[in-house]
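The data blocks that follow each hold one structure.
One chain, subunit A, appears in both complexes that follow, with subunit B as partner in the first and subunit C in the second.
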Partner chain A sequence: MTELPLIGGAPVAVEPQLSGAKIGVVTFPGTLDDRDAARAVRLAGGTAVALWHGDTELGDVDAVVIPGGFSYGDYLRAGAISRFAPLMSKIIDAANSDAKLPVLGICNGFQILTESHLLPGSMIKNDHLKFLCRDQVLRVENNTTLWTSDYEAGQEITVPLKNQDGQYIADEKTLDALEAEGRVAFRYVGFNPNGSRRDIAGITNAAGNVVGLMPHPEHAVEPGFGPETNAGTDGLGFFTSVLNKIVGGAQ
Partner chain B sequence: MTTSAETVGKKFNIDTVENAAKTPDTELPWAELGLKQNEFEEIIKVLGRRPTGAELAMYSVMWSEHCSYKSSKNHLRQFGEKVTDEMKKDMLVGIGENAGVTNLGDGWAVTFKIESHNSPSFVEPYQGAATGIGGIVRDIISMGARPVAVMDPLRFGAIDHPDTARVMHGAVAGIGGYGNSLGLPNIGGEMVFDSVYQGNPLVNALAVGVMRHEDIRLANASGKGNKVVLFGARTGGDGIGGASVLASESFDDTKPSKRPAVQVGDPFAEKVLIECCLELFKGSLVEGIQDLGAAGISCATSELASNGDGGMQVELTSVLLRDPTLTPGEILMSESQERMMAVVTPENVAAFEAVMDKWAVEYSWLGEVTDSGRLIITWEGEVIVDVDPRTVAHDGPVYDRPFARPAWQDSVQADTFTGSVQDAGRPSTSGELAAAVTELIASPNMCSKAWITKQYDRYVGGNTAMAFPDDAGVVRVDEESGLGVALATDANGRYTYLDPYQGAQLALAEAYRNVATSGAVPMAVSDCLNFGSPEDPDVMWQLAEAIRGLSDACMVLGVPVTGGNVSLYNQTGTVPIHPSPVVAVLGKLDDVARRTPSGWKEDGQAIYLLGTTAAELDGSEWSNLRGHLGGLPPKVDLSLERQLGEILINASRDGMIDTAHDLSEGGLAAALVESSLRYGVGARIALEELLERDGVDLFTALFSESQARAIVSVPRSEEVRFKDMCTARGFAHLRIGVVDAAGGTLEINGVDTLSLDALNEAYEGTLPKYFG
Partner chain C sequence: MPRIVVDVMPKPEILDPQGKAIVGALPRLGFTSFSAVRQGKRFELTVDGEVTDAILAQAREAAETLLSNPVIEDVVNVEVVEA
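For the complex of A and B:
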């Protein structure tokens, strides 16, 4: 079932060869950026499918986006309750299966992925203790994941960052392993906005199908509604990457 | 609080209606609940007996200043009277409902409202400000709309006063903590520091929502046998008497702390409530709906019943509680947040419950709609409230408070800035003028607000086309057509202190101008009238004059007031705040892609100043910096404002201008610096022609706050067309310079060259210096 946006409502024209690819967008109680993620999927040419946290089946989606927000109010710990949603166990199984379901966790979605142990490490409160909203420059450190293949290695992109608990932490051994295996997917450039270890903005699993990051690529997909640099559409590459992989893989 | 009357019954010592009739002489704590002697006597007259403890609780909150508008009602009437048929054309719902609704066309409607949460935000800044956002957002949901954005006009005490940081940190974190968690972009607001707000900071909150015409919902309980349901958060002991005791009295050092009267917010519960309500609306599962804000269940039951066509019967023990020890009176008065009350037909009960279960929202069925014309509330079946709901909700006391022009007004108005002690050494050399510009833009009221706005999510929703620091916030409504709305809020307490009638008009003029500057057509107004005690005839005169001025100005500009809020008793001891009517204007853009931003980008574009400049420094930011407040505020000319608005809107629509920025506080100097710093693109400016045309000196040209002015940048290819349009409309326009992308400076002839880096440091440095 494709959810129509509750404001707006225009079906965006999609590239026919990609429109068959279905990307699920999960809504938890307290999710905020689900309609934005769905819009990003549509603007990239795919078909967005609304998924509900309480669902017990994943359906026939080709990939999943876990969007940002404050699921369960960030109570207890960001992502700690959502991780136990019925749909999450399906997503965890599918991501770890041979089929390697592509999963992207943005902001709260990244926090849910670390709580789910699909990705290592965790996020704590920003070092300056405040919510921070800014246009953030990132460097794409790994362009071989399913979600980053449309970027050049080392490419710098600008996407919005907006969070309170964005400081990425892990023990030194884990951090060293992430670096050695090339699993640091994105790094903050110029300014570390939250005290994240080694300027890490996002990481990938070893297989490259599960990617999580704190900044919001889904808010940099449409000129005039995102950052004021580079037409404001630097985030679109996440969604076109996975759609091209899905369609390419299906051929 | 236990009323002595409640010592007669059982369990909670319930004071039933029967008991009240039998014990007419029981002492009741009406004074502690904020009622005046004459009001208590009126209640006895209305009921024909003494009220029960529960009835007393209801009347005390609903007849409070905050809920009943008893001091302002006689004046507010003008907003409904000074309206032409033309102004009513697009008004789908007017004053009196939770929020007004305006037709946007294409089947879309927009609802917006601004409200105060001043007193709670002083007592407990984080929760006070957070629940201010929560309350106004629930008003928007109650209309059937999806909330799409918020704004927050803020006024604090002196920037260097030790208590200001407490309020500033708490209020900003509260607005962010709550609004960010709801997924509502914060698209603008205001920030003013002035010692008059030291003990009475103003934390106002605006929310805007959109809906299809068929989704409009009203707060009324109709249809005998329909069920009444309370859903959302449980009812607790927070915020008891918030409206009556806190919002309707002045602060006084001798009384105990009012902390327990402040509500505590849970934004997660509210976010779930929003989605849950939208799903109810989508399925047409509710007949009437009302949010619980000030006065809680008292307000919701009496307003729903009073606006409906019959009565209502409610069993109070069915209310889900956080604290089982609450008395009936406390349950009726509690202002616990994140609650809604709805009326549901028996056929829709199961579907309603399914939506609640999906979102894991708690609910309890309290009773049903009757045709008795009475609001009857029982406690374990025993009647504790039996009233005509109109007497609670609508027929409260109305006061014709005495008012008179203050004795000091003439001497204040006679004390003009020019030639005053504070005006000594007015900057005139090129070096002095450059220093003055830098001082101005680093000052607390003119400096960058980024310290605040970067704590707010401006992106969520993906429809924010423009936000602070541009002149108006712009949100897209329809993704296909690009249809959207622009919003701006403005007020100037200093102008309004000098002349309340003109001051209120100036607030409207500025908000109107800001909306037009963004390219939007102004359509509707919401106002939050922040004043001192209405029991002071001086303050009452300020209020009366401001309402008269604002309603007159709305007529001239053709924009109706669709709703708002009055906040009185903003004073410490006998010292009131400056009268601060905060005016929000909503405008419409057919395509938000055509919005006009404020910052220069393109090298070589011509910069035009629209409007003329007079020597108007009284009440200005410059005079504020020199510690002077006197004289008359800048002259208002609403027909000029309208013409300027038309030029800005047409120029935007026809692509004649690339940027526009209105001139207001800080005058031309502030506008030039702000347009430069937005993207770090400077300009070369020459004002000689202006000085000659308007007969002013360079200092006045830069710092005067004359109204109906804006600066625009025009692509070379459009210059002739733009000039022809201004000439044809007979509107003063002057080419004052050219955008200079390469220089990294703002050059103004007669002023030492200003480097953008240095200006930026001054502009951005102030708030971090005081607040970290």
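For the complex of A and C:
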């Protein structure tokens, strides 16, 4: 399916060969951003596949996005109940397998990945206790992951941030290890919006196939609808990165 | 019906933003004797029938795997309460 731009011209020159790459987007009860994530996949040139949390098979997807929202109403802890959904056990196995399924968790998706122990640490309530929505500058600290390779190392990007439980925490030993291993993928620049330790906005696993972050790249993929910086399309690189890796790896 | 009560608290070393907000509100109501508040969670698991050791062990496992996140929380109490 070709995505029609909402306004103006197509945001990017889409590589036709990318459309063969299938990226699954998981919907849980209470997910909000699955449609935007699927649209971001299509705008980047890939094919989005809708996945349901109750599914017991992943199908033949090449990568998975766990989008934002308030799955299960954030009951118990954000992401805690979703982590035990039938599809999540398949995703966890595939991410840890030799095939190293690429998995991106955005916002509530990041919370689900930490609850799943695919990524270390956890998120607690913002230090100022309020829900906050703003355009946020991030620095790409690691551009060697499957989801960040289309960015320059140290590149600053602006994408929306919107959450209440966004304060990333981990013990000092874990934080030191993340820093030493280059696994801090994104850091907040200029303003720490939630009290996250060491300004951490997103992290990667050691293999670089599982990445999670609190801000929302899928809301910054189309001119006129994202932040005003850089045409508002700074988030597109997440999706083109993984699509290029999938297609490149298949050749 | 007997119930198994599970109490979960944020880890001591983790700042509890909700507790901090509550301790800030107490003096406004004239409660000036409390210097800190930490907010936790209490779960009540109802058991149909007798609480055996195996059921209590299941409750402890559920407390560690689902009811709490060991990165940020401690299970501080698991006890049986007869109705």
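One rule holds in what follows: the second predicted complex is superposed on the first by the 236 of 251 C-alpha atoms of A that agree within 3 Å, B and C clash if a C-alpha of one lies under 4 Å from a C-alpha of the other, contacts with A are read in each partner's own complex, and residues count from 1 in each chain.
Criterion: contacts are C-beta pairs under 8 Å (C-beta built on N, C-alpha and C of every residue); 3 or more make two chains touch, one makes a residue touch a chain.
Keep in mind that this is a model prediction, so the values were computed, not measured.
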{"item": "Partner chain in contact with A:A180 - subunit B first, subunit C second, else both or neither", "value": "neither"}
{"item": "Touched partner set for A:I124, first subunit B, second subunit C, both or neither", "value": "second"}
{"item": "Greater residue coverage of subunit A in the superposed arrangement, subunit B or subunit C", "value": "B"}
{"item": "Which superposed partner A:F225 touches (first subunit B, second subunit C, both, neither)", "value": "first"}
{"item": "First, second, both or neither for A:I169, with subunit B first and subunit C second", "value": "second"}
{"item": "First (subunit B), second (subunit C), both or neither touched by A:H216", "value": "first"}
{"item": "Residues of subunit A contacting subunit B in one complex and subunit C in the other", "value": "none"}
{"item": "Touch list for subunit B against partner subunit A, complex", "value": "146, 148, 173, 176-177, 180-183, 210, 266-269, 271-272, 275, 278, 358-360, 453-465, 476-481, 592-593, 679"}
{"item": "For the subunit A and subunit C complex, residues of the former touching the latter", "value": "76-77, 80-81, 84, 114-115, 120-122, 124-127, 129, 167, 169-171, 195"}
{"item": "Complex contacts: residues of subunit A adjacent to subunit B", "value": "5-10, 12, 29-30, 32-33, 35-36, 39, 54, 69-70, 72-75, 130-134, 160, 162, 164, 216, 218-219, 221-222, 224-226, 228"}
{"item": "Residues on subunit C engaged by subunit A in the complex (per definition of touch)", "value": "10, 13-15, 17-18, 21, 66-67, 69, 71-72"}
